[in-house]
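Right after this note come the structures.
Same chain, two partners: chain A is paired with chain B first, then with chain C.
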Partner chain A sequence: MKVFAPIVVVVILLAAIPVVVHSNVVLNFLVVALMVALAGQGWNILGGYGGQYSFGHAAFFGTGAYVTAVLQARYGINAWTAFMLGILGGAVVGAVIGTLSFRSGLRGSYFALVTLAFAEVLRIVASVAPITGAGVGTLVRLDLRLAALQFESRAAFYWVILTLVAVALIVTRIVERSRFGAWLIAIRENEDAAMALGVDTTAIKLGAMVMSAAITAAAGCFYTQYFLFVDSGIAYGTWISIEALLTPIIGGIGTLFGPLLGALAVRTLGELAQSITGDAPGLDLVVFGCVLVLVVWFLPRGLAGAVAGIAQRLRQTERVSTAREAGHG
Partner chain B sequence: MPRGRAGARAPRSRLGLSRCRSSEIVLSPAILLSALLNGLLTGAVYALIALGLTLIYGVLHIINFAHGALLTAAMFAAYFAFKTFHLDPYVAVFLLTPAFFVLGYALQRFVIGPASHGDDRNMLLVTLGLAVIIENALLFEFRADTRTIELPYAFATINLGFTFLAVPRILGLVAAFVVAAVLWLMINLSDIGRAIRAVAKEKLGAQLVGVDVAHVYAVTFGLGTACIAVAACLLVPTYYVNPTAGNAFVLVAFTIVVLGGMGSIPGALIGGFVTGVVESLSGLFLGESLGQIGIFLTFIFVLLVRPRGLFGAGA
Partner chain C sequence: MAEPLLVVRNVSRYFGGLCAVNQVSLTVPEGCITALIGPNGAGKTTLFAMISGFLKPSGGIIQFRGEDVTGEPPYRLARRGIARTFQIVQPFAGLSVSDNIRIGAHLRHRSRDEAEKLANEVGREVNLGAILDRPADTLTIAGRKRLELARALATRPKLLLLDEVLAGLNPSEIREIVPLIRGLRDRGITVVMIEHVMQAVMSLADRIFVLAEGRIIAEGKPSQIATDLTVIEAYLGRGAAARLGAGHAR
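Let's turn to the complex of A and B:
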């Protein structure tokens, strides 16, 4: 149980925020930040622990969002069921893309490219296919009931997304400590060596991809419930592919809390940029781009890594000074 | 060409089915041939963009995700050269090409190289970051407005009897061959070309015999960016400019590079033409917005079946 203690502490602290803060603006900000964090947590399993950089996680986010929206709007299926099926849909898309690309041995740049292409294909299909509402998009009917997974207060939505983030944190922790996780990290460090040692690299990567896709799809499902609208540019747009990889990289790639930390940092920066320039589009993303380059340049292990680095240095200086004192004494 | 000015917006046919039926009726050899020729002409510009991408991949072994954004930037440069200084794009090309060479050189030498610490995955991220910065800085500065320039010869055509060919596109075809020839000569005959080939084959070995690898990387990146400037000047007379204009081309260029084999110059040329034709034909059969899917599906198919491409040495 001890390994889950940090998660419990962080989640309880976050869960207490709406009790203290009642501002809708702040809660809205936090809901979106947690949603992006969830998408990033998905990316982190595959990219952070497995070293497979996907540039097309929009494929999973969008599938989750569309399945949830279309099942409710067109087939009158209950929101909770639609939500679960949305996650399942994302996982299936992940399994298909993963099977195709890992079986043909795509790595590195090639893998990044093929994921990007799949997301684009889905975006174009969604923008013309009648079932998704084509260019118009799909609206979900406003129905503020628990049974419809819609709430009047932002706080309720906040707790829903926080629960999802908590589940993803626990899943990540379990992966980290499992044999599966060890194999995954071995693949990241040196795929050929891992294969030589008898790790079934294709199966492990595929498993990570499915898990990753399901988590990111959950963020998409939540998007639909929160905004009650999707279209192809939102669901399969490049913005979510970029934010999904940006948050873990900035927060600390391949770390448990990296995506959460990164999402809060990135979203805060975005809000700051927006408040400085008003409603002009683009500047927040310029800031994101600069942060991405600067983090890769100067903080290769992200914010979490920087914090750990500082803590370690403090501990070392302490040790050195105590050693010195001991030496003098 | 993705969403060209003439065919402003593709009709939203139901998955192109109605289109399909009507085209079956009127499909004659003349229409097929003209689609084929126009596909080849479009492919020439694609080939130019892909040339830059494949050159960078061949030497640095990374996919330059900033390629599309740089193309957009070059298109804006050509647009403002015309609007502000009344420079014809076909004249501006001689100024913008060296300017973008310098820009590409500086980007690789002073940003991408140092920022990525020699790690391929970091290079991917840095170029992606640059793409986001450039594209959104343009969006912030110029908004999402679509701009076009009016040139007297933009819609000039040559009548072949059964079809019309646009003059600007024929110029594009000529330029693609000229640029490919110049690049090929440079890489095979000049000293810097020899250094580029050495670094592409064996980076460490080249470094050991005294090649300045950082310089060669930057020159290569500069050459790739210069190709983009040429393509931009050829596109501006007939295409619109907006902050995402380059993106439509760059995914196509990725396809071409993969199709032709990463790093292969003839591969990029041939891949460009093939892709232009595939797009033109699938546009004819499926409708314009689905025409692009033809490209992506080709792309995914080639990646999965033969990732080293038609002319590539190995993935």
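Let's turn to the complex of A and C:
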């Protein structure tokens, strides 16, 4: 249980925020930040622990969002069921893309480009297919009931997305500690060596891809419930592919809390940039780009890595000073 | 004698028009150290890659414990009990020594604690006990070679393929690692080693195969190989044996 203690502490602290803060602007900001964090947590499983950099996690986010929206709007399926099926849909898309690309042995930038291509294909298909509402998009009917997974208060939505983030944190922690996770990290570090040690690299990567896709899809499902509208540019747009990979990289790639830290940092910067430049479109991306360069340059292990580094240095100086005191005594 | 652990029969491998390994056959009896020697480019590492599943043979059959395993992927061969080290060491650079070995240990142990216990045990066995917590990329060459060995051993192999584990080590480091390899055989692990350090080959190997230009040109006990004329010619050039003989006569 000790390994889950940090998660419990962080989640309890975050859960207390709406009790203190009542501003809708702040809560809205936090809800979106946590949603991006969740998408990033999905990316982090495959990219951070497995070293397989996807540029197309929009494929999973969008599938989650569309499945949740279309099932409710067109087929009248209950929101909770639709939400679950959205996660499942994302996982299936992950399995398909993963099978195709890993079976053919795609690595590194080739894998990244193929995922990007899949997301773009899905975006174009969604923008013309009748079932997704084509260019018009899909609206979910406003129905502020728990049964419809809609809430009047921002705080309730905040707790829902926080729960999802907490589940993803626990899943990540379990992966980290498991044999599956050890093998996944081995693949990231050296795929040939992993193979020689009996790791079925294709199967492990595929498993990570499915898990990763399901978590990012959950963020998409939540998007639909929160905004009650999706179109192809939102669901399968490159914005979410970028944010899903930017948050773990800035926060600390392959670390438990990296995506969460990164999402808060990236979203804060984005808001700041927009308020300063007065909503000039695309300027937040310029800011993200600069931050990415700075982080990769100065903090290659991200914010989480920097925090861990400082903690380690403090512990060392403490050890040195206690040793010195002992020496004096 | 018992049934051989590994049988390689008429195995070939082409890279385009180049024949790297040409109709090679060899058998490895259980519980022995077999050495594979030969000049650079003879096809030794290619042969290893085929036995461990990293390359598929263009032709021929590989049998392990009586079963045909030709063309099986490396992970499945590892589960059968074939482990290999790499000539160019391949550590998991970002992980600690202990975690590196643990990846190998996980092959037979699902639980993290058990794998960790085995990893630390194997680490101490190969004299990495003092530096188990160090990141693998801070190790010296000798340390990395030991780590390769430890990782392979942690998979609990029946057949261990060592690709030049002694290359790049100084004489005192070689003296330390030689008894370690002999100890593996005494524990029942069958070893096949590619090696250029002749002093070690001669003292370790029960049987030697000599590969040159993709073919087996000689096999036998170390003492036989050392005086084999075709072997001398393969290393020193045609006519070398005759010239050496003449030199002795004079």
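Following the convention adopted for this analysis, the second predicted complex is superposed on the first by the 320 of 329 C-alpha atoms of A that agree within 3 Å, B and C clash if a C-alpha of one lies under 4 Å from a C-alpha of the other, contacts with A are read in each partner's own complex, and residues count from 1 in each chain.
Just so we're on the same page, contacts are C-beta pairs under 8 Å (C-beta built on N, C-alpha and C of every residue); 3 or more make two chains touch, one makes a residue touch a chain.
Please read all numbers here as calculations on a predicted model, not as lab measurements.
S.K.: Please indicate which partner A:G198 is in contact with in the superposed arrangement: first for chain B, second for chain C, both, or neither.
M.R.: A:G198: touches chain C, not chain B.
S.K.: I'd like to know which partner A:E189 touches here: chain B for first, chain C for second, both or neither.
M.R.: Touch status of A:E189: second partner only.
S.K.: Examine A:I17 and indicate which partner it touches, taking first as chain B and second as chain C; both and neither are also allowed.
M.R.: A:I17 sits against neither chain B nor chain C.
S.K.: Determine, under the contact definition given at the top, whether A:A134 touches first (chain B), second (chain C), both, or neither.
M.R.: first
S.K.: In the overlay, answer first, second, both or neither for which of chain B and chain C A:L269 touches.
M.R.: A:L269 contacts neither chain B nor chain C.
S.K.: Look at A:S178 in the shared chain and tell me whether it touches chain B only, chain C only, both, or neither; answer first, second, both or neither.
M.R.: second
S.K.: May I ask you to decide whether A:W297 touches chain B, chain C, both, or neither, giving the answer as first, second, both or neither?
M.R.: Touch status of A:W297: first partner only.
S.K.: In the three-chain superposition, say which chain, chain B or chain C, touches more residues of chain A.
M.R.: Counting residues of chain A touched by each partner, the higher count goes to B.
S.K.: Spell out the part of chain B that touches chain A in their complex, as residue ranges.
M.R.: Counting only chain B, the residues touching chain A are 12, 14-16, 57, 61-63, 65, 111, 114-117, 120-122, 124-126, 128-133, 135-140, 143-144, 243, 251, 254-255, 258, 289-290, 292-293, 296-297, 299-300, 303-305, 307, 315.
S.K.: Under the stated contact criterion, what part of chain A meets chain B in this complex?
M.R.: 51, 53, 55, 100-101, 103-106, 108-110, 112-114, 116-118, 120-121, 124-125, 127-130, 134-135, 242, 245, 249, 277, 280-283, 285-286, 288-290, 292-293, 296-297, 300
S.K.: Under the stated contact criterion, what part of chain C meets chain A in this complex?
M.R.: 52, 54, 73-76, 78-79, 83-84, 86, 90-95, 99, 102-104, 106-107, 109-112, 115, 151-152, 154-155
S.K.: Touching chain C in the complex: which residues of chain A?
M.R.: 177-179, 182-183, 185-186, 188-190, 192-201
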